[in-house]
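A, B and C label the chains in the order they appear, each numbered from 1.
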Amino acid sequence: MLIAVWKELKKAPFTAWFGIAIILSYIIVAFFAPVLTPYGETQVVGDEYAPWTSEFLLGTDNIGRDMLSRLLYGARNTVGIAFVTTCLAFFIGGMAGLIASTVGGWTDQILSRIVDVLMAIPQLIFALLLLTIVGTNVVNMILIIALLDSTRVFRLARAVATNVVVMDFVEVARLRGEGIWWLIRHEVLPNSTAPLIAEFGLRFCFVFLLIAALSFLGLGIQPPTADWGSMVRENATLITFGDITPLLPAAAIALLTVAVNFVVDWMLHASSGLKD
Amino acid sequence: MNDKSEREILLSIRDLHIEGFSDEKWNGIVHGVDLDLHKGEVLGLIGESGAGKSTIGLAAMGFTRDGCRIPKGTVVFDGLELMTAGEAKRRELRGSRIAYVAQSAAAAFNPAHKLIDQYSEAPTQHGIMAKSKAEQDAVDLYRRLRLPNPDEIGFRYPHQVSGGQLQRAMTAMAMSCRPDLIIFDEPTTALDVTTQIEVLAAIRDIVEQFDTAAIYITHDLAVVAQMADRIMVLRYGDLVEEADTRKMLSHPEEDYTKTLWAVRSFQKPQKPLAGAGEMPIISVERVTAGYGKSVMVLHDVSFDIHDRRTVAVVGESGSGKSTTARCITGLLPPIEGRILHNGNELPADFRKRSKDQLRQIQMIYQMPDTALNPRQRVRDVIGRPLDFYLGIRGKEKEKRIHALLEQIELEPSQFIDRYPGELSGGQKQRICIARALGAEPQFIICDEVTSALDQIVAEGILKLLFRLQEELKLAYMFITHDLATVRAISDEVVVMLEGRVVEAGPKDVMFTPPHHDYTDLLLSSVPEMDPDWLSDLLEARKGKSMAPAGN
Amino acid sequence: MWPILRMVIQRLGLGLLTLFVVSVIIFSSVEFLPGDLAQEILGQAATPETVAAFRKELGLDRPPVERYFTWLGNVAQGDFGKSLANNREISELIGQRLLNTLFLAGFAATIAVPLAITLGVLAALYRNTLFDRMINVFTLTSISFPEFFVAYILILFFAVNWGLFPSISNIGPETSFWDKVYRTMLPAITLTLVVVAHMMRMTRAAIINLLASPYIEMARLKGIKPGRVIVKHALPNALAPIINVVAINLAYLVVGVVVVEVVFVYPGLGQLLVDSVSKRDITVVQASSLVFAATYILLNLTADVLSILTNPRLLHPR
């Protein structure tokens, strides 16, 4: 198994290697943020909007916190929250999708129609509406986005599993008298994982960008937590003076999504076995 | 020697190598094949899957599919070397002087355009005739190919025309520029036998009328015997043998050819009918079934299957044979009628059947590829029924898996830990058989179990099934459209048409006239190895249809 | 022609049903508000009497079903009620802003759609060449960028460094058309960059999928010239998937406008929505959500109907 992965990796294009390297470094930063940072996450250490100096390598923000420290902590907060949300979305959507396609009939009809309606409302708008009602805080946001995004996971999981469910080997297991969980666990799931893993990457990017957008709008992760989306908003005025500091957290977001997309692109390519 | 071999050479292929790109490298598909074709001659290319027949056919047009290349060899068509001629020159030839007829006409016609527009595209684009002239011409060809409503059929869209008609329309399209050469790539493989006859006859006539040379690619010997003047046998991208059709059929020289020719020889001895009082294992009683409330697929179907007997259910696609199997297994509860097992009524829905009832009826599928979970090892595939039905675990289970593998003639130590991806088609089908046997059933439904396999492999599977029947006292229901298989393995035959049983009885009775009209049509439509079979049959049918012309 | 008409009517009916269900969801989501809306607005300090009076004013004392239909009836006549924050008529607040949002989305679409389809077709034709790979990397990158990142980069260069376009898209009803175009240039380019990548990739995939079909091979084997193969054989069958791609992205544009409007302080519906969410001005959020959702559903519906209308199998039934 590991050898096979390594063999694939050796054939991987430069973009995939680049992506993997970036993702790994983000993970390291997320885990070791307290060690790597010169100052605390919410510690006010200097003047407002201090320029780049040896003391504050990337300057300070709108209330005098160290930019670099907050940037590093952001890896932990922003990425971590997006990751948790995606996992939750996958758990809900994936399960529902597999059940819908394996059980079929009314269960499938009901679940699919619910998802249709949820998907008929644009995600960002729906998220904003729900956040207004339940109030803007991190837990609410995670739950809402996970729920909304699980609809997309549901669609994919259901589509992939439906292709598996029609296979004769599933019919064989059904006719043998196997129960629904056995079918999902032994027949459907093992044959649906490859596309679902690739989708995990794409969903993560989407969730990550959505959370960043909400935080940027001031409706997501709330201060004083260091978060890339809100950091851009808080310091955006600097841009009008030609200072690129506020672009750094945005760039951090972009770099990670680019990396994940490159890896997913390569995985889809490799698993499809096609040249196109 | 056929008289056409005296004529000028039209196409000459020398030392043709073709490679395909997979697993990050170029692999040989065809390794140095030579081929000569004379004007007006029909050459049959025959071989099992992977022999490289289609690839050679396309190469004769100077064409390779995406992901393939021709690293070596020459293709000379009427004095022009296609490999070095350049794409523009090759394009001029395609459609105008060399035409192509694809396997699936339904997929090869563009769904967005009318048949006649697709017909006239090549002649107008190659500047051979004006559109109006081409359209008149199309109607004429449609008529010659005996398409119904030749004046009108061209103005339909592909999805509005049936498969057999579409295949003839495609032949007409290939003829549109009166090419010197047509490549027929398995043109009748996707068709039912009764439809196949009409298409074969039409193709043969038109090729003769216009004195067109053709390369006829197929895996079906009996078909190629009707069509070709000369036959080339291919295997794994190499030429095995080449000779005139009659000589090839009567005196094949190579061992491989002989085995190909011999595969239809297996025939098991027919068992006598079961005694009148004997309880059938499975009774299908007046079953009417369908999908949804309004569309009935089966109407009042009844037949019995007795202990240790093989009942072949025969019919063309859409006749309801697979639906019958779904009713027996309980996947499709019938609307009326019932299924009896040893005289006891089975619950209509398989979910309501007991474990033991489920165990007694096993099924083997047409496509071993989709019938095996690619993520399970042979051990788990065969082991699960043992564990599930019989509660066998641990050492005992291991022993039984070994025994089952031996029973299906696969070396246990070699195969037990393999994934389906590491097995050949025939081996996969054997694993499916072992899985069915693991449940220790009385009755097995075999749904077209050999039609996805090459002939020699299929023969092996049939022999295995026969041996197992004797050893384990099994009853089989054999669903098939292939009458050769029916002859080989059945004791009794049930003929189905449009969801009804038209005729049923012991095999020897069923294969001796007089038949029910449909049985007759079906039986007589199965191509035979005799090169005169098609001509004789058409002659005979003409006589018949003349007689009752009065009514 | 009957089956196709039936299908179109079916889709339209389904679209209406979706709209109805969505309106129910948007309306009833307020019902699930933890606590009481009136209490929420007036704050904990309010006396029970004032809360009760306010409830009556809002109509909260009537049963929800009745309130829903009154609300829906009013909405159908363009009356969305009053803002809780400043007591102004919501229809007044929304009207001009909706037009502005549609102007911006439309502007972006006129650049993005032709550009994306051209690039997509080219990438499909020259697939696996350097051109295709470069486009692939470019689109993957631009999909990955948050909208505000793209927006600020554009501001940094075009507005701050080079001073070509304004960084704040301040328009009013009296702004002339060309002035509007000038002022909304940067937000439009931002949106274009965001959707072009998606649209282009999907177009490319649709075309490549098509080029692998047997009838394309047949056309090539008939000796048809490559250009004609694309125009005559591939394109008529590619229409449905491309229409779908365009519609999905247009729908995305209308919604994606929210963030961009905030960055450029553009007086559109998105801005209003975001402001109202932070003020918890629930009636305005409700109204703008409904308008956004309706636009989104209508665009998707249009795509659905159009792809039915271009399907030869449905156009020419048996």
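Keep in mind that, in the parts below, a residue touches a chain if its C-beta (ideal position, glycine included) is under 8 Å from a C-beta of that chain, and two chains touch if they have at least 3 such contacts.
Because the structure is a prediction, the values reported are computed rather than measured.
K.L.:
Could you draw the chains as nodes, link the ones that touch, and say if you get a line, ring, star, complete or other?
P.N.:
If you draw each chain as a dot and join those that touch, every dot ends up joined to every other.
K.L.:
Applying the document's contact definition, name the chain pair with more C-beta pairs in contact, A-C or A-B.
P.N.:
A-C
K.L.:
What whole-Å value do you get for the distance between chain B and chain C if each is reduced to the mean of its CA atoms?
P.N.:
About 50 Å separates the centre of chain B from that of chain C.
K.L.:
Could you grab the centroid distance between chain A and chain C? Build each centroid from C-alpha atoms only and quote it in angstrom.
P.N.:
Centres of chain A and chain C (C-alpha means) sit 22 Å apart.
K.L.:
So what's the Cα centroid distance for chain A and chain B, whole Å?
P.N.:
Their C-alpha centroids are separated by 48 Å.
K.L.:
Do you know which chain C residues sit against two or more other chains?
P.N.:
212
K.L.:
Mark out which residues of chain A touch at least two other chains, giving numbers and ranges.
P.N.:
Residues 275 of chain A each touch two or more of the other chains.
K.L.:
Which residue numbers or ranges of chain B touch two or more of the other chains?
P.N.:
Touching at least two other chains: 66.
K.L.:
Chain B touches which residues of chain C in the complex?
P.N.:
So the residues of chain C in touch with chain B come to 212-215, 217-225, 228, 232-233, 236-237, 312-313, 316-318.
K.L.:
Any idea which chain B residues touch chain A in the complex?
P.N.:
By the definition above, chain B touches chain A via 21-22, 24, 66-67, 329-331, 350, 353, 355, 358, 363, 365, 367, 370-376, 384-385, 388-389, 435, 439.
K.L.:
Touching chain C in the complex: which residues of chain B?
P.N.:
Contacts found on chain B: 58, 61, 63, 65-66, 91-96, 99-100, 102, 104, 107-113, 121-122, 125-126, 156-157, 159-160, 173.
K.L.:
Hey, which residues of chain A end up touching chain C in the complex?
P.N.:
Residues in contact with chain C: 15, 116-117, 120-126, 128-136, 205, 209, 212-213, 216-219, 229, 232, 236, 239-242, 244, 246-247, 250-251, 253-254, 257-258, 260-262, 265, 275-276.
K.L.:
What part of chain C is in contact with chain A in the complex they form?
P.N.:
Contacts found on chain C: 18, 21-22, 25-26, 29-30, 32-34, 127-128, 136-137, 140-141, 143-149, 152-153, 155-156, 159-161, 167, 208, 212, 251-252, 254-256, 258-259, 262-263, 273-274, 276-278, 280, 282, 285-286, 288-289, 292-293, 296-297, 300.
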